[in-house]
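First the structure, in the form of structure tokens, and then the observations on it.
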Amino acid sequence: MEAFIGILNYAVFFAITAGIFAVLCLGLNIQWGYTGLFNIGIAGFYAVGAYTSALISGPPPGPMDWRVVGGFQLPWPVGFVGAALVSGLIAFIIGIPTLKLKEDYLAIATIGIAEVIRLIIKNESWLTNSVWGIKHITSPLALPIERGIRALLRANPGFPLWLQRLVSNGYNWFYLGMVVLILLLLYGVSEKMIRSPWGRVLRAIREDEIATSTAGKNIFWFKMQSLVFGAMIMGMAGSLYAHYARFIDAETFEPFFGTFLIWVMLIVGGSGNNLGAILGAFTIWGVWAGTEFLTHGWGLTGYRAASLRVISVGVILEFILLLRPRGILGEEKVVSFIFKKERR
Amino acid sequence: MDFTSRIFQLALYGIVSGSIITLGAIGLSLTYGILKFANFAHGDVMATGAFLALIFLNLFQRLALPSSPFHPLSFGLPLVLAFILCMVATGGVAIGIDSALYKRLRGTRSITLLIASVGVAFILRNVLQFIWGPDPRYYIKKIQVSVRLPILGLRIKHDQVFIIIVAACLVIFLHFFLTRTRMGKAMRATSDNMDLAKVSGIDTEKVIKWTWVIGSALAAAGAVLAGIDNKFITPSFGWDMLLPIFAAVILGGIGSPYGAMLGGMVIGLSSEISTAFIATSYKPAVAFIIMVVMLLIKPRGLLGEK
Amino acid sequence: MLKVRELEKSFGGIKAIDKCSLRVQIGSITGLIGPNGAGKTTLFNLISGVYKPDRGQIWFMDDRIDGLPSHQIARKSIARTFQIPREFKEMTVLENLMLIPKHQLGENVFNTLFRPVDVREQEKQIMEKATSILEFVELAHLKDEYAKSLSSGQKKLLELAKMLMSDPRVILLDEPGAGVNPTLMRKLVENIEELRQQGITFFLIEHDMDLVTYLCDKVIVMNKGRTMAEGTPHEIKKDKNVLEAYLGS
Amino acid sequence: MIVLNVENIIAGYGETEILHGVSCKVEKKEIVTIIGPNGAGKSTLMKAILGLLKPTQGKIFFSNKDITGKNPNQIVQEGICYVPQSDNVFPSLTVEENLEMGAFIRRDGFREKINEVYQIFPDLKEKRKVKAKKLSGGQRQMVAMGRALMLDPALLLLDEPSAGLAPRLVQTIFNKIIQINEKEVSILMVEQNARRALEISHRGYVLAMGHNRFEGSGEDILSNEEIGKLYLGE
């Protein structure tokens, strides 16, 4: 029983992280899957969301910190919304020079902005505490829930060990519920939007920009909306991450975890399909966790294990591109909601 | 040192790093012109070249070759041989990756190739890290003293003069290759219109192979020269080069090797000179900002067409 | 009326359009002919906003439209077709058409989220219109197929259907006859005549002189980036300069 | 003697089959024209002969040698040259470099051949140092044909040589085709300008929906009422 609880607790931890990745995938799916915008600077938007949220809702600088601003300790939802807004704003600024050009330019510009954001995080210690990172970020409702758990355990000293373990993991259960709720909400909203005429324009842009433009659509503006909306979702994921991990620094948002893994997730799951995006996130995060057991089994540690795991994810991507380029699910043929209604 | 001579000193370093960026940017531009995709693994191909040179260098040092440095340079025959061999070997690696992966994806959308190249970038970087670890590896342990030039009190190392000369020679070689040889002209023709090249009887697969070999060999050369300048190499070198080489290519006009040369110099010079005004740690951001400004005012680049 | 005045456009130092002036009467079918490289498609690209002119003016009714982005020109009810059909490949035929109507409520996300009933109502209307147009061009049975799976003739019809969806006042046709077999051509000609009855203006590039003679009220001849003659098809056929430069004797 | 023999080939792009079993023949010194409505598979047939797409069934023989499924560069080496309908020059190469690319697989006699091409197309000689992107449509068509002639082909494939040209130039191009044919080059062409093309052809094929529909001498096809009605626009 205790072993089972151990696994269950691990599963909760796993699901929270995978859920946050799924949110990132939803954001990328709007940009890439439906509009064909090639954003390989996801890490930048993700990081901006995390730092914004930490600065708004996190603790003020401690005595040992270099940081001098932020830490307003506002309620978490304020940080969450702030994260989305600031990420969206940065996407807007990046979009201005690049969205009128070919897709490759957006790619290099997004990778560039992600690097610049990483440089800022590393160097501007007054804002980000540079390499020491922001510590002790408060989690939403952490105090009352953890106090409640302690009280419950104290009142029932007779709980068997497995129950004690289960109960003491209570906050993670709460956080998982929150992540799932936000994921479902974002899923619902983006499904609704993609199946609307708005989404139809995005898909047309993905197929042929000039023809969409001569049909009277302002393609720049639609691409901008898609880029900004996707980036806002990525910012929200950043906020979810920061308040769960309670610690962020530049290393958290390095290109592999911040960008590449998410691309692999979306492509494996099936870009142009929101369910695919979520499925891909859980699958690849499972694979990633699985490789840890593998490298551990082979007695590899440190950078060797890490490198091998990254290589294996890279190889998976290449195989998917070669063998099943549309991913596990792929896009549905008929997308707009009006057709579904008529069929029924 | 007064401000003017400081700027000139930085410009001199800028020419050195511009030479290195140029060599990387040419290969990126060539493959873009012919295969029509932005190869995000090109920086890591450079890094691979640097480490292949390290293998050869260690081999030759063990082989009891005469290893005394060529005066006044800080390195000798083993590194020169390793330099040449690694260009060939990196070309081979590029052909290997092409036939294992890119070749099978040809005919799909160029963006699929781009995604695949991002995957290749991560694989290459981590293979290097798996073998050599994340810490710096050294070509040369000796520190070289720079000499003073008779103008403005500028200083430069002999190795750096060597870097500039070698890069210039390679660029001139490339120019003659593209305009005077059959394969060079075929490369330009294939870059213009691959289908037409095919029906003209040009073996485009062979042209593609040559493009990979030349682009990657130049990239490897650039990486080794960077290794000589810095004395050390790391697996993350490729990532560090990515923004400068892309900025150079976009600045010069995508697909134009001559634009890449120009762009490389501009990026090298401006990143170095910028350190007189802003913190050195923001050097990579300068390349990025120049690129964004270029996209705003002249998206086709300085020498881009149409 | 559509009016072009002293228009200029160069590409890499070569003047593709050189002080070109012309007018197209409302309700007419005007043909644009001229040798290859005369600048006909470039002129269309300038009118429809794909390119921006270097100098000169383009007027539609009382508005100056030169230099406007192509989506704004499209909103002034100037529609164009492409010589090679540009269908939205991975979208169904019906969705290809439903994209076209301008100012759709649902193109604003907030309407979809907060005024779902209105959006749905409009979607229904658009779908009915699209379905009837598909019946008109005889593509209704393919409405749920990916556009990429149509044959090239069917794609040409889809292009026409898309144009009809946009309620245009002026239609720019770039070589409607190119690569179309005679049966389809007849259908196209019938459609054009029927639409002209409804008051739609046509401006078309065509190489087939027979088609031009049959269809057009007025013909404009372009050569080397400027207009060199205009008149009825019969006048043009007799014009000496035109014969020399273009038709050959 | 039969130069080209296409036997019942089936071909298409990806999942879409376009040719459902098409056959045709070209004899030595013949000009053969293929006509047919749009989507009949004319250009696809050209591409299949040249190896730009591989037939799923059927055989193609060139001078009694099986060339089915070979790569374009190998087929060109056998002696078939092709002039595509559009984008048929290398824009950033000079006229002379364009011609040189035509002779890419030829190692000797380049100079003589290029002079021969300049004789047929004297305009090109003046422009030999000019980049092809600066040429007019008609001049480009000539560069493209000249490029194809550089290899001394036994068979020349022309995909709509008159497409997009002014009527006056159309006649010039057809005259050049006759001139080339007089040099013992067999010609297989696809044309929209069916009447003009059939007038200079020895034989013709009518293709429809990926099938052979009719075959005969140029006059036969021109005088066939049904075909006239359907494809020649009468």
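All chains are identified by letter, namely A, B, C and D, in their written order; residue positions are counted from 1 within each chain.
By our rule, contacts are C-beta pairs under 8 Å (C-beta built on N, C-alpha and C of every residue); 3 or more make two chains touch, one makes a residue touch a chain.
Not measured: the values here are computed from a predicted model.
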Smallest count of steps, each to a touching chain, taking chain A to chain D: 2
Between A-B and B-D, the pair with more C-beta contacts: A-B
Reference chain C; chain at largest CA-centroid distance: B
Inter-chain centre distance, chain A versus chain B - centres from mean C-alpha coordinates, in Å: 34
Chain centre separation (chain B, chain D; CA means) in Å: 43
Chain B and chain C: spacing of chain centres that average the CA atoms, whole Å: 47
In chain B, residues with contacts to at least two other chains: 305
Where chain A touches two or more other chains, by residue: none
Interface hub residues of chain D, defined as touching at least two other chains: none
Footprint of chain A on chain B - complex, ascending: 37-38, 40, 101, 104-105, 108, 111-112, 114-116, 118-120, 122-123, 125-127, 129-130, 133-134, 239, 242-243, 246-247, 250, 254, 279, 281-282, 284-285, 288, 291-292, 295-296, 299
Of chain A, residues touching chain C in the complex: 189, 192-193, 196-198, 200-201, 203-204, 206-208, 210-220, 225, 229, 331, 333-339, 341-342
Residue numbers on chain C that touch chain A, as the complex places them: 48-50, 69-72, 74-75, 79-80, 82, 86-92, 94-95, 98-100, 102, 104-109, 112-113, 119-120, 123-124, 127, 144, 146, 162, 166
Interface residues, chain B side, partner chain D - complex: 182, 185-186, 188-189, 191-193, 195-204, 305
Chain D residues touching chain B - in the complex, by the definition given at the top: 50, 52, 71-73, 76-77, 81-82, 84, 87-93, 97, 100-102, 104-105, 147-148, 151
